[in-house]
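Going by the order they are written in, the chains are A, B, C, D and E; count residues from 1 in each one.
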Amino acid sequence: MKYIPKKEMDFKEPIVITGFPGMGLVGNIAAHKIAKDLNLDFVGYFDSPEVPPIMAVEEGILYPPIRVYANENMIVIYSEVLIPQKSVYELADEIMNYIGTKNPKILINLDGITSLNPKKTYMVSASENMLKSMEHENIEILDFGMAGGLAGIITVRCGDKDIPSVCLMAETNGLRPDPKGASNLITILNEIYNLDVNTEDLLKEDKAIKEKLKKLAEEQMKLLSKQKVENPMYM
Amino acid sequence: MKYIPKKEMDFKEPIVITGFPGMGLVGNIAAHKIAKDLNLDFVGYFDSPEVPPIMAVEEGILYPPIRVYANENMIVIYSEVLIPQKSVYELADEIMNYIGTKNPKILINLDGITSLNPKKTYMVSASENMLKSMEHENIEILDFGMAGGLAGIITVRCGDKDIPSVCLMAETNGLRPDPKGASNLITILNEIYNLDVNTEDLLKEDKAIKEKLKKLAEEQMKLLSKQKVENPMYM
Amino acid sequence: MKYIPKKEMDFKEPIVITGFPGMGLVGNIAAHKIAKDLNLDFVGYFDSPEVPPIMAVEEGILYPPIRVYANENMIVIYSEVLIPQKSVYELADEIMNYIGTKNPKILINLDGITSLNPKKTYMVSASENMLKSMEHENIEILDFGMAGGLAGIITVRCGDKDIPSVCLMAETNGLRPDPKGASNLITILNEIYNLDVNTEDLLKEDKAIKEKLKKLAEEQMKLLSKQKVENPMYM
Amino acid sequence: MKYIPKKEMDFKEPIVITGFPGMGLVGNIAAHKIAKDLNLDFVGYFDSPEVPPIMAVEEGILYPPIRVYANENMIVIYSEVLIPQKSVYELADEIMNYIGTKNPKILINLDGITSLNPKKTYMVSASENMLKSMEHENIEILDFGMAGGLAGIITVRCGDKDIPSVCLMAETNGLRPDPKGASNLITILNEIYNLDVNTEDLLKEDKAIKEKLKKLAEEQMKLLSKQKVENPMYM
Amino acid sequence: MKYIPKKEMDFKEPIVITGFPGMGLVGNIAAHKIAKDLNLDFVGYFDSPEVPPIMAVEEGILYPPIRVYANENMIVIYSEVLIPQKSVYELADEIMNYIGTKNPKILINLDGITSLNPKKTYMVSASENMLKSMEHENIEILDFGMAGGLAGIITVRCGDKDIPSVCLMAETNGLRPDPKGASNLITILNEIYNLDVNTEDLLKEDKAIKEKLKKLAEEQMKLLSKQKVENPMYM
């Protein structure tokens, strides 16, 4: 796995936000929205032969799966393609290498946590100090549970390297793409960092987003089943 | 994986066309037809132990799965054998190595995209300029979606290396070998590059092609099941 | 796989206790309880890309799966995440490397053994002398059977390196998390080493522990199924 | 994978015949019969940890799976054990290394091709010249199809190295060991190369061969299921 | 995979006996009995991360799976744990390395062969001379068949290195642990080598052995299923 740069950028202690497919896809929906609304540049991508070869298309332009968008003050790293378990640690290490040279202010890793009655947003960190400094009336500290995947590993690795990091987890049903959960995460980030990411159109677009994501999912299932069929000739 | 040359060729900024098994097999059906009708020479092949050992037979001659046909001005790379997902990136890299020294004019990667009512042909690229320069009344820019497999990866890699490249995707049902979708791709290439590839006999042969491909598929299924059976003696 | 230190510690011939998920989870329930009640510090963890990326959360703090807690006189190594069979030997070797420099007094490896009527606690060792020196009215020597997993391998490796070691196995039903079996192990260790680990609240908490562990298990199953689903978009 | 020599031999531009398990097992039945009837010496074998560890017994003598028999003028390479797909390319390369130093006159790779009404024998080659020089009234050139496995790969590799080679494929039902298909291949080779391999007893023994091969297959299935069962103690 | 020595021994052209789990487990039951009755010392073991981590317990002492017992004149190598197919060749090579320096008189590899009416004992070898020198009224030469697994590979390897070796195979039902088949092998070895291994108690213990092995098998199945379950928390 390696990082392929597409554009130079001078970073000034950027805030780093990651969002990878998890419960309700809230992490990547939120990250993608932030990158779009703040007009961040596509600055590079992480390339790995282990990740399914599914490229995203936006307005005719083809993008590799694991993308980095940025301006001087913010870096957003996300993927719409699920990272296979065997690549998760490797990608976490590459992300740590990448941000290690950028002198980040903080890493905020976005994810979902399942709930039958989704309302809250939780945080966890590898560092007690982070829990104190990120105190917010709309964020609860998760007392006991599990955090899996990239969000969890990156947060632990940051703790090892004394890089400030939290994992923010929005409650979600977990069965459907959940723009509401994503918007809860964005609302909190808007408040803390004075951003101006539009959650209303995310909610308005809820129905349209779900249909688009559903269509994408179907196409991906077909692509991936086709990959698996050992009959090369007869489709 | 490596490239095995079979014949020398002096290239003059060739157009490169790739077609690998995808939806409706439109990519490889089109690529194969182009190579045959333009009488391109069999100049080499990509060899990989990861690709199922299925050799094609044409008029008594045995061919390895991933073939390169060419004349001075055109290179066609295709396969009738499905490339396993774990080899796709490696093959893309070998193809990039191969064409990197040939100073290509453009890479056109042919594939299919599923549709319930197949009519259109779409294009995507990693470069905005390419979308402009390839404007054509019969090609629509795909606004939102996914492009998987070799066609997608090669197009992205070309973007990274500033090699002009598009992915052309013909709508297709996706369940059957689709010579109609293949002929739509060929028609567009005929128009843009002033080629003379015969689409009528592709359509006339539609029934015959499907029976041949179906027969090939059955033989391949048997070959591949046989490979998998752990009973060496009793077939 | 490697060891990531988090905190320095001066060890004085420590007793080392290991507890990994096995029958009834008695090993890791006991080890976790010992670490908590004796207020041991979190001193480091074993990191491996082969182990599922599931981080534990306790009071808002995120922990990697395979943890080491310690004070000067005791080291407790445990995990709540099942170690895949292909990583078990590697982790055993890393643990042997780690404790090899600590001049341990003894390694006590905790595990469960299935029984329809769970009452007893057994011990086995790679060394006859160990069986004699660990004689205790509440420990029976296992005459004939099998001991699998990390507890067994570590005990054998200690025998190879002349490091005193036993494997203590509490009888358990094996189907449910079994705090009772864990408390039997703790009671014996309290007696032999004059510890003061509270088994009453372990038993009182039995119902609550089971519900918590059950909830964790469900979340983990979801996490792990999500990892496995190849549909990145539609959850 | 490597070649283990058992006996020295001075080769004089030998004819090389290969026969590996394929449709109807015609390739290896024919190759085995040729080696026996011409009293060729067991000169060595190809050894690979990837091939199932199943040794053949003939008259009390134990043989490894992939064997080479020879005299000065002929080399026969065959196996009764199915070569796993992932080892096929590697074995083809080892065979090419082996015969590369023997200055062979021709490589004839024997295999089966499925047919509902098996009668014919086909040939394919990587070289047009070979098709001309091997013209025979009882061999048809296969116009269109697939040739899989070792027979196909070896024939293609010989084409790359300018070593004369054909693949001869006897039509067969493909479901049962087919001594009739094997005898058709032998008859053609007897005619072309003036050999004296007895096909009558192959046909007479048809029933006995099938029972023997069936018994072998059952024993192998048991051996291979035993290998796969993870219960080491209770069979 | 490597050999871990536990005790020094001066060997005087020892007879080497191997017995690994196969049909009816006759090989390892016989080998284990010989090691016990002749009071051989536990001198070392073969260690491999590919072999399931299942340690045997005998009288409170924990043993690794693949053990070597010996005195000056005899070496017995056996395992109660089934060796995975992918490790079989590697273990055979390690065993050949180990015995290669011991100047063995002969290697006798014990295994079972299935029969509906088990009575006989067969032998095979890679060497004609061995069949002659091991002639015995109670041993039949196997005319035609298959010998799989370690017994077969070791016998072939010994043939390659001119080390005298036979494979002795007792007929067995193959479904149950078969102390009767094991005792047939022992009886023949008692006669040829003037040993004094007690077969009566093996037969008397038949019922008890089967219950013990059955219990072991159940525990192993549980251990191995536990290893496979991806739910670390909820057993």
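Definition applied: a residue touches a chain if its C-beta (ideal position, glycine included) is under 8 Å from a C-beta of that chain, and two chains touch if they have at least 3 such contacts.
These numbers come from a predicted model, not from an experiment.
Chains that count as touching both chain A and chain B, per the definition above, do not exist in this structure.
Chain C and chain E touch with mostly distinct residues; of the residue numbers seen at this interface, under half occur in both copies.
If each chain is reduced to the centroid of its CA atoms, chain B and chain C end up 55 Å from each other.
Between chain A and chain C, the centres computed from C-alpha atoms are 34 Å apart. Within chain B, the positions touching two or more other chains are listed as 52, 54, 216, 220, 224. Contact topology of the protein chains: cyclic, one closed ring where each chain has exactly two touching partners. Here the chains make one closed ring, and walking it from chain D through chain E gives D, E, C, A, B.
Partner chain B is touched in their complex by these residues of chain A: 4, 6, 49, 52-64, 212, 215-216, 219-220, 222-224, 226-235. Residues of chain B that touch chain A in their complex: 21-25, 52, 54, 79-82, 84-86, 88-90, 113-114, 123-128, 131, 141-150, 152-153, 155-156, 159-160, 167, 174-177, 213-214, 216-218, 220-221, 224.
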